[in-house]
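Both complexes shown next keep chain A, but they swap its partner, so chain B is in the first and chain C is in the second.
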Partner chain A sequence: MNLSGLSFNALPPVHLPFRFFLSAPIFAFFCVTILLTYGESLWLSRWHPAMLALTHGFTLGIITMVMMGALLQILPVVAGISFPKVERIATISHVFMVIGSASLLLSFLFPHSLIILFSIISLTLAFGVFIGGLFWALAPTLKQTFNQGDTLVVIRLATIALLVVILLGLLLQLNRFGLYAGFSSLTAWLPFDKFYTNIHALLGGFGWMGLLIIAVSFQVIPMFHVAPSFPQPVRKYFAKLIAISLIALLCSSFFEFELKWFIAVLLVLQSFYVLVVINVLRKRKRKVPDITVRYWFLASVSMLFLTLLYFIDEFFSLKALQGKQDLFFSGAFIYFYLLSILQGLLIKILPFLSYTHLQQRCLMNFEAMQYLPHMHQFISKQQANVLWFLHLLAACSLLIVILQPGLYLAFSALLTIEFAYLFWIMVQTVSIYKKTSEKITQLDS
Partner chain B sequence: MQEVVIDVSELAPPEPMTAILMALAKLKAQHYLKVLHRREPFPLYPKLVAAGWNYHCQPVVNDDSDKNSLDNSSKGESEITQFQLYIYRQTEQASFELLAEKLALT
Partner chain C sequence: MTSIPQYMTEKHRECDDIFTEAESAVAAENWPLAQQQWQAFANELALHLEAEESILFPQFEQATGMTSGPTYVMRSEHEQMRALVADLEKALAEQDKGEFLGLSETLMVLMQQHNMKEEMMLYPMTQQNIPDADKVAEQLQSHCQS
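Up next is the complex of A and B:
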């Protein structure tokens, strides 16, 4: 039979993405340690070193960590393509990602040149290997036509955004290391100041993380919830609009535009996207109660409120937010939008991946089907509901602590409980997978 | 060869795979399985081959519009709306090729 000359890759072993997923709660506990150590003072400014450590704990240690693990599985599902030497790439990038993220957080707290250098080397290795592998995997998509072409284009854009974010981050970190000291001509050309940190943050939030969520949603929402496809113009052009806005943002140092106008445009675009998400989900065929759908709605409604509040504050300067706008809006974006979607997807893909890997083994021996657990045995509906509730509580407490830093203990406690519970759910899933896998192995032998 | 058809296009994962597994477990000699799916189950392919099955995927293109899509603006553009996945035993390759010619599979 003619298979168009394409060779399809199997799913990588389940332990590879799970390593990334299991590392995320550990960084949440790292964040709790920072919260408890620095207390109220941490919330004084977004430029406080401990706040920079906290932000990177969430964006790098938790969100990017999970996204990297998820990408290992998404490419084979979406297009039948995979990272080359996936076991080696996943292992190297995971090890250096954990070491690099931890040392980066420490370098903010203890700015010793050796720690800074260690973080630069580790993160360069982690992202160098991962992004290199990702581009290699995506290379055939430039030459051949794939059915899921729209998603792959957006994944490519997200990867380019990640590359720029990492390069900017490394340049900023090299500046902290003191590499440019004595090179006045270089520092004059590259003002390593708050402006570039803002661009680094916005590209990370709306580019890498935002675009990857959009790419993944084009596939997972119709697939998991038997919903209609996203409208074709949205799939084709929407991510490109965000990419153009981000390129304009990158070039904004040459223009007189203020950063707030770029943020406004990006928020409006994100709001339009979540309206489409709500519309697609409302038209889903399987209208059964589903916690992931509830996470999508939470994230979408939060994004709409966030945008509305941003404009109200721009025009009427809300007193409660004075001097705290940056922290408030970025906190809401990270916890209510990014983390909600990520956690919703985790709740869905942890059992799905475990189950799929076990199911595929049954192809070799149909008798093994008797050992397959029910999907809800991995994560029960009740556990998923509890996690959603804990997430909502922690997210609300974050916004409250930004406005009232004295309440930092409440946020620390809720963050600990939320991620300890998530960690427990993950361990339970892995344990059920392993036990079932052993039973199938015994049957085979 | 005789056909056994299952429609998994309105099932959420992992139910399509469960249905395929159940059908394959019961599939008699000189029978093939035709799966109507909404997406191409790429990760299944290498596992099928390793387990002694062969497959052929036939995309169904709708030239007017995507019945599953929310918008009407895609009218006039062709879009794949369904995949017909044929699964058969590797030992029955020759029989399936004859059948494929009859069915004009591409």
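Up next is the complex of A and C:
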């Protein structure tokens, strides 16, 4: 074992992940603007340009933004490794992520070739730098056999999924830019139609986001809730099963299989995973009331209902969902599953990171410990409870508005309130962190 | 024969168990039980930290020559844990549930990420580098059972 390569204090500066986290609510407000501008008409079809902008606002501007920030911190905690030149990589990828996501959303609303080109260049830079850094950081771990190896394998798979999602997205965007005009043989080989958009979306949802959540859960559920480890076969093989399904999906243009069968398989796998999550959480030893546990249960139960409803609809064609299946199921997956877990983790991660960074500074000056706030002083239990209710209300209102688009104002209002509150909680945490940090600096000098 | 990583990881889990029982008792405002469980946890933790500081770390430092690396960080974090334990004892004595649960969440986070570093890196490193690792594992066991 190479002792010199191991770092016990590889945490990147706390302002780097916070930049990503603080940018997410801004994109929620961007989404509200789209909702209010396009009103009822937005809900007519998932292919409505404003709906495409809204979907990317959530998946890219909010979810991927938070996940990128979280990854900067997760690697040092789970494997003692860090991004190389983390300050530079995080800054470049964050700046271009914000610009690229915003210009992508705008390019759906105003499909001017310059805006499309701008989004392509910005997102290529953002993801090129980020994914490059991630692979660079992960490469040495291929030789290591730490206990956290299972998590790292799943993070690698999620990163590969992200790479493919981004490549497909860029190819689709280049098609909108008109790059392939006149290349009929190329467009015949790669049909830039709804089929590839579906694959892009499924790989994003189940691959990049779904797999990263699985990877993180292997570590954080036992760690934060004193729960047993996930069963060994689940840790070892489950993510690979999802990856194989996604590879088959990617190759499905060569087969006769319909997309709905792949979705069915992925939903069944995802449901199996949430059943394991429920089981592990039920066996947790730490039984004190914890809002993050409630978020995990909400997400898990929602996934089970979503899968059940999907099959009921496949067999009995539910009248209420007619013509709205895509919107309903993807909306439920994004808001009830992905966003619930993400928000539950943020409630834990924000105080955890703030505390850990301040605590590291106290290693050199023990006297500074007196200034350290405890976890609930960063985000109180009451604030976390309020956010949970706001999230639940907004999530329910999304499903209602998909079925009854006339109620879009209610969803817009609840979305604004939820993310304004989340933003406030984040700003408060940063403010407490800064004040404490200043006190420690004064003590040091 | 139990190895250093096996034994010390088991002790971490035991500490977690007693800690969560004490925390649950406070959440239920069962103060006598909380006091009893907390005392058991504090004793177990103190023995564990002592075992590392007086037996395991010196052996590792001697074997590797690394005195300002991982063991320095671990010792400093032990001091921080002790400070938090003192604060928690104060909150327990005052039966201040809110303060106790805020501090216990903090200690839990500190302990878990500390344990992760030890279980992931330090313990495997000690097993690999200390010449008579099995004998050291026995010494740790007898210290923790004293």
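In the analysis below, the second predicted complex is superposed on the first by the 437 of 445 C-alpha atoms of A that agree within 3 Å, B and C clash if a C-alpha of one lies under 4 Å from a C-alpha of the other, contacts with A are read in each partner's own complex, and residues count from 1 in each chain.
In this section, a residue touches a chain if its C-beta (ideal position, glycine included) is under 8 Å from a C-beta of that chain, and two chains touch if they have at least 3 such contacts.
As the structure is a computational prediction, the values presented were derived from the model and not from experiment.
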Overlay done on chain A, so just call it for chain B and chain C: clash or fit. clash
Scan A:385 for contacts with chain B and chain C and give back first, second, both or neither. neither
Thinking of the overlay built on chain A, is A:355 touched by chain B (first), by chain C (second), by both, or by neither? both
Let me test your reading of the model: by the given contact rule, A:232 touches which partner, first (chain B), second (chain C), both or neither? first
Just chain B (first), just chain C (second), both, or neither: which does A:366 touch? both
Could you say whether A:113 touches chain B, chain C, both of them, or neither, answering first, second, both or neither? neither
Give one of first, second, both or neither to describe whether A:442 is in contact with chain B, with chain C, with both, or with none. neither
Taking the superposition on A as described, I'd like to know which of chain B and chain C A:287 touches: first, second, both or neither. second
Please work out whether A:377 is in contact with chain B alone, chain C alone, both, or neither, and reply first, second, both or neither. second
Once the shared chain is lined up, is A:317 touching chain B (first), chain C (second), both, or neither of them? neither
What residues on chain A does chain C touch that chain B touches too? 1, 3, 8-9, 77-80, 147, 223-224, 226, 285-286, 352, 355-356, 359, 362-363, 366, 369, 375
Contacting residues of chain C [partner chain A, same complex]: 16-17, 19-20, 23-24, 27, 64, 66, 69-70, 73-74, 76-77, 79-80, 83, 98-99, 101-106, 108-110, 112-113, 116-117, 119-121, 124-125, 128-129
Contact footprint of chain A on chain B as seen in their complex: 10-14, 17-18, 21-22, 24-25, 38-40, 42-48, 50-51, 53-57, 59, 66, 68-71, 73-74, 77, 79-80, 96-97, 100, 105-106
Show which residues of chain A lie in contact with chain C when the two form their complex. 1, 3, 6, 8-9, 77-80, 146-148, 223-224, 226, 285-289, 352, 355-356, 359, 362-363, 366, 369, 372, 374-377, 381
Chain B contact footprint on chain A (complex, rising order): 1-3, 8-11, 76-80, 147, 222-226, 228-234, 279-280, 283, 285-286, 352, 355-356, 359-360, 362-364, 366, 369, 375
